[in-house]
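The data blocks that follow each hold one structure.
The two complexes that follow have subunit A in common; it is paired with subunit B in the first and with subunit C in the second.
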Partner chain A sequence: MSEALASLLTALADDELILGHRHSEWTGFAPHIEEDVAFSSIAQDEIGHAAALYSLLAQRSGGDADGLALGRDAAAYRHAVLCERPNRDWAYTLARHWVYDTADAIRLEALHDTADEDLRALVTKMSREERYHLIHADAWIERVAAGPVEGRMKLEDGLKEAFEEALGLFEPIEHEEKAVHEGYLPLPSSELARRFRELAANKLDELGVQTEIYSRSDEAAEFVASSSGDLIASGDEHAESQPERARGLGGRSGHHSDEFQDLWDVMTSTYRNNPGATW
Partner chain B sequence: MTYEEKLGRFNEHIALGGKVETQDWMPDDYRRGVLKFIEMHANSEIMGALPERECLPFAPSLQRKMSLAAKIQDEVGHAQLLYRVAEDLGKSREAMFVDLVQGRSKFHNVFHYPVHQWGDVAIIGWLIDGAALVTQAALLDSSYAPYTRVLKRICTEEQLHLRHGEDITLELASGTDAQREMFQEALNRWWLAIIHFFGPKSNVEKDLLLRWKVKTRTNEDLRQEFLDRYVPKIFELGFHFPTPTPHSSEDGHWLIKDEDIDWEPLNSIKKNEGPETERRLSNRRAIYEDHRWVREALSEPAVHAA
Partner chain C sequence: MDVYEVFRRGGHKEPFEHCGSVIAPDSEMGLLMAKECFLRRREGEHLWLVRRTDIHSFKDESLLEIAADKSYRFAHAYRDVVKKRDKARERARELGETG
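On to the complex of A and B.
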């Protein structure tokens, strides 16, 4: 299969798996019992999307979905760093949920025109569920933004944190130019990032949430506005000289935080420790 | 009508197999007893979500991860239903939740124990849910009608959970040596707690809930049904039991001698002093206290900005 398509599917699947994993950590533990049930559904959907994407990848390049999800080295994962951050509290979780699903809507909209027929069918199916995730996230943001001051402040803090790393979702994927050229990725990541910023800014304005919180991610956008992944791939060597605003980048080339290492250790442990077992 | 007359009628109604609705007259002891019983059931569903929740991050496949999350989600849903039934008896959900996180109320003994590995999910999903289903099915004929209506739905879902747990068990039993060891090791750790789950021998004279048919069967009767149903299956799969070991009787039952059961761990748990009680409750307490703002945001009337 095209290495560009493989790269695209891996980035999409890893985003969904790792965020789904984090979301699922709230299962049985959410601060509100009705919300516990709702948020668990979202987590299950995300993991389900990851499973479908990995299956597509496995059909073309061999292997199986579980092997791809749980059998790779930590450095082989291509999700955005934003997805791997611990849940912290409900405010950050909510902010990240909103940021991710807003970004995902933009990405999926573009992928409706992908050159790969199977991916196109899957995107149609995923979009239906993701639409509800976004409705859920919007409703929460709206509710908290219009509510008492403590919640509003916590939400703004959470949004600030999430936005600082949001553009990691739109870092160029590996073989980006080829993916765009071959039509798998109908729009370059830089264009998706531009659309995301515009949509997010408009929505937050509507909700009356302070909008200066994403100005910093505008700057970060300039930093990554290269169509090749090379700049990011070299991030490790330059980690110390990287400006602080570039937080949350590097995921698309396999540069993750220690927090991901911890997540990976646990997430893959049963699978790794039992080679040859079927589950 | 005097209190005694009302009580007499109530007892007669119950003795004849009559049911009680929320708005009906009932003795205070009945109300308090039923409330406490359902509250404990609700607490157990929400606390029962935690051990499995702790296994979710290391689920061995994507399918298992999703189905376990779905199962835990059902349990939280059961808690939600049960708290509503309990609430109608005169204690607010908020008050029940606060009592739970402050360690003032109770939940089932098995949820006070730690989890270590994936075999624990098989034990919880098959044997603990199996034990719970034996007790809950016996409650379907309880005298408190609103409880039985909710239980009907819960038992239907629990049947699915049981199949889920059995499926994981069979997968381990027919798997690699390491997979079989996962189940055996977990069984060794959990067996005594599962035997405790049904409680010590019932005191039929003193147990008001039995007398008023809120509960319909004794603890030892329920435990016996569980043993007869599950012990042969576990032997068939080639696993063995730690103490207290079941023995077959001449008339085809699987028996555990009362003197083989060490009740001490259960006594500690009854005081909320189990191995994981404090950690699990304090985690819940922390989330509850740190997220007051969530409850406030949800209770304010929504102002639509757009």
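On to the complex of A and C.
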């Protein structure tokens, strides 16, 4: 199969699996019993999407979906760093949920025109669930943003954290040019990022939250927000050559945080105990 | 005048079920009408009246469709687990005997 398509499927699947895993850590601990069930369902949806994407990849390249999901070294994963961050608190979780599902909606919309027929069918299926995920995320952050003050402040903190690393979702995938050229990725990641920034700026404006959302540590992946909520981002094609990687970048080339190592240890422990077992 | 939806319960442990609607100027009048329309032959022992505008539903019902395979939410998807567990126990026993 095309290495560009393999790269695209891996990035998509890994995003869904790792975020789904983080979401699932709320099971039994969410701040509201009905929401515990709802959020766990969303976690299952995301992991289900990952399973479908891994199956497609396995069909084309040999191997099996379980092996792809759980049998790789940590450095072989290509999800955005944002997905692997610990849940921290409910506000950060909601903020990341919103950032991710907004980004995912934009990505899936573009993938409706992908050159691969099976992926196209899968995207149609996934979009139906992702649409609901975004409605869920919207509903939550709108209510928390409306107050009381403590929740609103926590949400602002969470959004700031999540936005700082959002660009990592739109970091070019491996073989990006080829993926665009061959039509698997109908729009380049930079265009998807532009659409995300536009949507995100509107949303923050609508919420009326503090929009001084910017990247602290670097200029490579900067989200600068004016008081009107307009986000300005500056990209840097030479991030690879920088000694210190920009916050939230590197995931698409397998550079992950220690936090991911912890997640990987837990997530793959059963599989590693008995590789190839069927459950 | 408002439209009220009427729910009726057949017995103490039964769930309330929708049985029809009445048009009435207020809930008190609505209850009297519902009693005559829906409970006159002892079809149940309790009535609820809910103003139709107080009932909420998804504007887009396609959100309720299940898009992907959710077999893992059903017990039958785990039927094999018992067999596999027995097999694993047997294997563990054998290993115990030979080891």
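As a convention for this text, the second predicted complex is superposed on the first by the 246 of 279 C-alpha atoms of A that agree within 3 Å, B and C clash if a C-alpha of one lies under 4 Å from a C-alpha of the other, contacts with A are read in each partner's own complex, and residues count from 1 in each chain.
Keep in mind that, in the parts below, a residue touches a chain if its C-beta (ideal position, glycine included) is under 8 Å from a C-beta of that chain, and two chains touch if they have at least 3 such contacts.
Everything numeric in this text was worked out from a predicted model, so none of it was measured.
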(message) Using the superposition on subunit A, tell me whether subunit B and subunit C clash or fit.
(response) clash
(request) Check whether A:Glu129 is in contact with subunit B, with subunit C, with both or with neither, and answer first, second, both or neither. (result) second
(request) Tell me which of subunit B and subunit C touches more residues of subunit A. (result) B
(message) Tell me the contact category for A:Ala145 with respect to subunit B and subunit C: first, second, both or neither.
(response) first
(message) By the touch definition at the top of the document, which applies to A:Ala13: first (subunit B), second (subunit C), both, or neither?
(response) neither
(message) One more residue to check, A:Leu119. First (subunit B), second (subunit C), both or neither?
(response) neither
(message) Looking at A:Leu57, would you say it contacts subunit B, subunit C, both, or neither? Reply first, second, both or neither.
(response) neither
(request) Pick one for A:Gln44: touches subunit B only (first), subunit C only (second), both, or neither. (result) both
(message) Tell me which of 169-177, 205-213, 259-267 or 295-303 in subunit B produces the clash with subunit C after alignment on chain A.
(response) 169-177
(request) Using the superposition on A, tell me which residues of subunit A are in contact with subunit B and, in the other complex, with subunit C. (result) 44, 48, 278-279
(request) Can you check the complex and tell me which residues of subunit C touch subunit A? (result) 62-63, 65, 67-70, 72-73, 81, 84
(request) Give every residue of subunit B touching subunit A within the complex, in rising order. (result) 46, 49-50, 52-53, 56-66, 69-70, 72-73, 75-77, 79-80, 83, 117-118, 171, 175-176, 178-179, 283-284, 287-288, 290-298, 300, 302-306
(message) Considering only the defined contacts, which subunit A positions touch subunit C in the complex?
(response) 44-45, 48-49, 52, 125-126, 128-129, 131-132, 135, 278-279
(request) Name, in rising order, each residue of subunit A that touches subunit B in their complex. (result) 17, 21, 24-25, 27-29, 31-37, 40-41, 43-44, 47-48, 50-51, 54, 65-66, 69-70, 89-91, 142-148, 150-151, 154, 206-208, 263, 266-267, 269-271, 273-274, 276-279
